[in-house]
Amino acid sequence: MNVHDPRPPGASGLSVRDLAVNYGPVTALRGISLDVPRGAVVTVLGGNGAGKSTLLRAVSGTLRFQRGGITSGEVTLDGVKLSGAATSAVVARGVVQVPEGRRVFARMTVEENLRAGALGARDRRSAAEARERVLELFPVLAERARQRAGLLSGGEQQMLAMGRAMMACPEVLLLDEPTLGLAPLMAARIAETVREINAQGTTVLLVEQNAAMALSLASHAYVLEVGEIALSGPAAELAASDEVRRRYLGVGGDAGDPPVRPDGAAVRRPALSRWSA
Amino acid sequence: MSRIVTPLWWVLVAAGVVVAPFYLDGIWLQDGLFAMAAAIGAIGLNLLTGATGQLSMGHAFFLAVGAFGYVYFASAPSGDGELDGLGLPTPLAAVLAVLLAGVAGGLFSPIAGRLKGAYLGIATLALIFIGHFAMSNATPVTGGHNGRPVPPMELFGFAFTDTPEPLVIAGVPFGALERLWFLGVVLLVGAGLFARGVLRGRPGRAMNTIRDHEIAAGVMGVPVTRYRAGVFVLSSMYGGLAGVLIALVFRQTVPDYFGLILALSYLAMIIIGGLGSVAGAVIGAFFVSMLPSLFTRYSDALPLVAPTGQEGIGAAEAAQILYGLAVVVVVLFLPGGLFGLFTKARLRLARRSAPAAPVKHALTPTPETRN
Amino acid sequence: MSDTYQPDGMTSVPRLEVRDVTVRFAGLTALDAVGFSVEPGSVHAVIGPNGAGKSTCFNVLSGVYRATSGSVRFGDAELTAMAPHRIAGLGLARTFQNIALSPHLSVRDNLMLGRHRLTRAGFVSAGLRLPSARREAARHNARVEEIAAFVGLTERLDVPVGLLPYGVQKRVELARALCMEPRLLMLDEPVAGMNGGERRDMAELITAVRESLGISILLVEHDMGMVMRLADAVTVLDFGRLIADGPPEKVQNDPEVIRAYLGATSETEEAAS
Amino acid sequence: MSTFIELLVGGISVGAVYALIALGFVVIFKATEVVNFAHASLLLVGGFVIAKTHPLVGFWAALLLGVAGAAALGALIEFAVIRRANVLSHSVLAIVTIGVDLILVTELTRQIGTEVLALGDPWGSDVLQLGSVNVPATRIAALVSAAVVITAFLLAFKYTSWGVAMRATAEDSETAALMGVRRGRVSMGAWAVAGALAAVAALFMCVFPTPGLDRNVTAVAMKAFPAAILGGLDSTGGALAGGFIIGITESLVGGYQEELSFLGRGLGDVAPFLVMIIVLLIRPAGLFGTKELARV
Amino acid sequence: SEKATGGGGSGAAASADGVKTGPGVTADAITIGMITDLTGPYASFGKSLTNAQQLYFEQVNQAGGICGRKLESIVRDHGYDVQKAVAAYTEIGPKSVALAHVVGSPMVNAVKQRIETDQMLTIPQAWATHLLGSKPIQVTGTTYDIDMINGVEYLVKEKGVKSGDSIGHLYFEGDYGETALNGSKFAADKLGLKLVEQKIKATDQDMTAQVAAFKKAGVKAILVSVGPRQTASLVGVALAGGMKVPFLGSNSAYSPQLLPTPAGPALLAAFEYVTAGAPMSSDLPAIKKLGEDYKAKYPGDAVDSGVSAGYTAAGIVVDALKKACEGKDLTRAGVVAAHRGQNAWGEQYGGVMDFTVFDKPASLRSYVVKPDKEALGGAVVVKEPFTADIVKDYQVPSGG
């Protein structure tokens, strides 16, 4: 397993080189390099706060909304620089992100949310096609077309967020924890969808806590830890690694095991007595 | 290090406050008193708008209730029967006036408890207009458009007036302003400490949570509607107290004064000073209420400001523009207000003087009140 | 975990009885005559597909939504007509599916808010800093520190919540609910967005809560592994209707549950191994 | 009876002017969720430009200039202030607009001085005889303009992607950016539109039967607040309804002042606010506003 | 400090030339204050007042000053804000011997108590009866009610209004409107007229509803005690709606700035107003000279009623000072006493005032004036000063 295996630069696809990102005084990423070749599914794993979302923000140019910024390095798509461009310009190049935490437009209806997604679409016909595909994939969105998105259940909102991004017919799809809060069946459906979208030619960069699912979808995987790439390699290889299995896959964690903190240390928990006063 | 510096700093401030009346001209004392009254009102508004996230544009109404309430309770009915009054002892009248302002706030609680954001803001705007209507119609109480004279406060036989017997302390004649100065200081300090206690205690946490997440507050056991109404009442009482003090300084209350401009200036104060904190409200109040007089008095020394009566931007206009600008600049560049700037500077100083000491987390006290 | 588990102060933890609860929104029945009961001191899971009505059920129990019909009894108290803060007063505490903390307040202050129902200081006593208010604050602060230590937040007590990572914020949510000294603790997707290690940690924490406090826990979670491991009983909802109810093993093999919720096999895990 | 009708018609015609102002609030509120207290200064700028330029270029060109000027100022406020304050709560942003208003109104009133400026409109003091009722021609023009403009906005919000983009940006500008929306353009556009509307409203506020533009014009803008709130701050149709309700209330209460004198003098000024309070007690989001949603 | 010595304090002292002096008077200067509006709604009026008074003081200084002292003025702008006015008084009060003008009756009211304590001769630029009855406060000329009584009689005698008719009165809330209303009520009662009242606020702009109400009542004439803009709207709407009645205003209801606006023609056609002061176009020599001097000193500034009002008020203060100088008492009380000793002041300005009583207006005579585009100050005399017969029965309410 190589710690670094950068592909030759200039290849087609999304490429991140030596990226460092700060939020004010906080450094969230440093020295990140990774590649998402056209047509591939690449996944990024990592604990809470490792910097996964930050990475996606750097690609789609939304860091400034969080008062963050790229301090060094660059992001390119097919060799052309993306970093530094406005978000709308990034979208115009076909790079679309499903943000973390759904972020549906709560006061707009489901239908209007989908229309908002199509704002970035390049032509009307493809938007109509995309809409059909989305509704087929998530029939509940058709049923609730006139409901305000803020009233959807958590999982329904997640579907809407996904569907909304698909309305723009993206070439590169950035997914930030798309199965968060989804029922197993629905998570499987999302996995299926990702596979399908990818089969139709969309490149996918997937950030996921459900490592099992992510590794099953991806061809290549990176593991982020506190802002740096700790591991990377072909997905199958990582899935087989004990370290990854223990930390991210949640397998073999029987109730009797000592609990583990993200940093791997065992926890010694003080007892809590009942309150009497 | 700061353990010695902080008390020292306070001792200096206290000394300054005590000797001020011996050195400052009446006009400075009067400005200072207006600023103190404004600070009391602003603290109240900050409890509501800053800490609880409830926008109010009608704060001036409660100042009016306090001012006219005091006058009505304290004055004897006028000889010609045109003006009513209860002729109560003045301290009692002041307390009653503050309570009256609280009652007025309570009457508004069906609105204040249920609305929020822009809707509450504009609903409270109605108070200004309704207040004006009431004040100009309830002539026997308010004296109508002309207002009515304010009976001076009298505490244990000590009157806060220029007359009758000239009181001279250390060669300085102690008139109404000098005497009121100390009353103002006591009221402001009391009001500030009380608000700080509220903010740092159980009610403050509940208020902040209502601001940040109303539903969560309810589920955690906070009666949201009742709390909102309660804070509105409390903030009205602060308004009322500020009104009483302003009346005492004015010596004549005039309805016109308690208008929209006044209400908006209170919002400007808490924004400029810093939302949600007592010190912020006080700093903002002094800034906004002292600015115009500073400009007027030093217009000849200031560039761009024309002395009274000459062409160009007059002092009053310059002050208006500057405080408009201050609101904008503070919001754009100093999310914690002037108070935030002050704490930041102090932190930096502390860091410099004791580089090894761990620096506490400083999150600018800007409330995120999008919900 | 066996059903015979008897916490020491069990008498004080009443049974929660949900009967025929129906919730309708415009043109939509989110809960349709749902009924189940949570035995004192047990961990009861509610599962179901997205939009099945799990959070709605929590919202009814905590008073955020009003049920269109039906009844919810907690011991002798009827909850359906109560305002949220009254329900909180009975000792029902919950966490939120989407974090609902005050980002600018410190962890300590967020936890102290959990003590709201247990404390008395009002505007006057807090404003005047009466000795009673101070004593109260000190006493409850000590308990907050105890709970923070239990949940593993001691070092973060004075950090504004907004600066903490997601996983830690989730623990603050739990700690805040614990600070209410609940008799029934409701957790809405406590491990969503966490990785394997963090999930195990949270599961262990929930077990510890139940063991040391003996309170009832109502749990909504999509992580079936966790549900199976923790729950004494499971209720399954689908489209607002109850489709299964019983011990985990039984529910897990219910064909209806497999069809609506679990899917034929858990294929992703298979693929990964 | 004819007095009643005359007052009613008068109220509707004044209401049209309030509706135009209220629509400006609504547009900005929909686009940025900010209550724009600086709207008064947009009015003042629009009117000022028209007043100063009509002797030189004629009324219609002056109107265009006024509209352009106010639109430019609106865009400038968005660009220089609102956009840069994106992390703050909307209440705070509302207070910022008060600050902006203070600056602009102070400077503009200084410019206007104590003059009363004529706007050079073609209607003059013409009065139309509708049965027994006299209606100033300017008011008919205001009514027609308001109807046209408000219908146009209703349609635009519903059917164009501009409306969707605007609302998406208002709610969550970061996510809207992820949809390819150019945030700056959308909200700047909204502010510019609001400015343009303000200029039109200023025109109708300052022509007959009022004597012309002067520094007090901004006070009238205050009455558009209850109009906007009453209709629902996020409802285009609500602005129209609110404008009419306020206009009619004010006109009737003013006209029957004698009969209502037992309630106190000067009721006409508070009546709009009283109506607003009553509506808010029953419908906290206004007549047509969308209820604040909450779920957890 | 200066404060400890009581700098400018209240104690009177005799200076080297044997003249008793107090605050505002030093060995070589006399300071006179003005609290005015330069940025608020009455800015142009305030400016004219200030200019005219400074002109007057300059002329006095050129003629050698008073008591061997130069006159100095100290001006503060309140922008029509009560708090600023109070602050201004606190600031310049202790330095002034008298206030040559204070704009706004709410502002005067706010400092009335202190004016009385300080015995500060003050000339308010407002004509409400509420300001009467205070020894140091000198309201110039008539009050609004007297003007209205004179005006109503004028309507009956010369404009065809008959007993039994209705007349309307549009007035501002507050002192100004209510004082005027007192007069119109009295006169209507005396002359058998029915009075239809309409009260508005200074922020109201559109008088359509009020016109409708007057029309409904079938009024034969309308009295106007509001601001110039409201006057313009009222007259414009009424004429456009075919209501052909005379309009008669109080002196504050008109401003020449309205003439170039679309309302101009209507005002020229049907509006007149009643005032105690001679208009600037009058051919009294003193006024003519003032017009010339003013234009020479302030060539760019408009000439309006503030010029003569300010100049006259300055004259009152200066004459009081002169008389006080003769009595060798330039303390504030001395100045007030000297002032109150005059019973026929101001013949040269077109109206004689009696300063010896202070619970009654100083004069009962009013001009009727009408707008005129060409005239200096935008108005010409229609009727020379007169006093209505019914005024003698009128009991002036005073503020006490």
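Per-chain numbering from 1; labels A, B, C, D and E assigned in written order.
Operating definition for what follows: a residue touches a chain if its C-beta (ideal position, glycine included) is under 8 Å from a C-beta of that chain, and two chains touch if they have at least 3 such contacts.
Since the structure is predicted, the reported quantities are computational estimates derived from the model, not experimental observations.
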*Give me the fewest steps it takes to get from chain A to chain E if each step has to go to a chain it touches.*
2
*Could you let me know which interface, D-E or A-D, is made of more C-beta pairs in contact?*
D-E
*Measuring centre to centre with C-alpha atoms, which chain is farthest from chain C?*
E
*Between chain A and chain B, what is the separation of their C-alpha centroids in Å?*
50
*Once you find the CA centre of chain B and the CA centre of chain D, what distance in Å lies between them?*
32
*Could you grab the centroid distance between chain B and chain E? Build each centroid from C-alpha atoms only and quote it in angstrom.*
36
*Out of chain D, which residues touch more than one other chain, so two or more?*
87, 110, 222, 265-266, 269, 294-296
*Touching two or more other chains, which residues of chain B qualify?*
136, 215-216, 317, 366-368
*Per-residue overlap in chain A, given as positions that touch at least 2 other chains*: 151
*What part of chain C is in contact with chain A in the complex they form?*
8-9, 25, 28, 47-56, 97-98, 118, 139, 143, 146-147, 149-150, 152, 165-168, 178, 181, 189, 192-201, 203-205, 207-209, 212-214, 222-225, 229, 260-263, 266-269, 271-273
_Under the definition above, what is the set of chain D residues touching chain B in their complex?_
29, 35, 81, 84-85, 87-96, 98-103, 106-107, 110, 222, 225-226, 228-229, 233, 264-267, 269-270, 273-274, 276-277, 280-281, 284-286, 292, 294, 296
*asked:* So in the complex, the part of chain B that touches chain D is made up of which residues?
replied: 49, 53, 55, 110-111, 114-119, 121-123, 125-126, 129-130, 132-134, 136-137, 214-216, 260, 264, 267-268, 271, 275, 313, 317, 320-321, 323-328, 331-332, 335, 366-370
*For the chain D and chain A complex, residues of the former touching the latter*: 86-87, 161, 164-165, 167-168, 171-183, 290, 293, 295
*Residue ranges of chain E touching chain D (in the complex, touch as defined)*: 39, 41-45, 173, 196-210, 212-213, 215-216, 228-229, 232-233, 236-237, 239-242, 255, 257-258, 260-263, 266
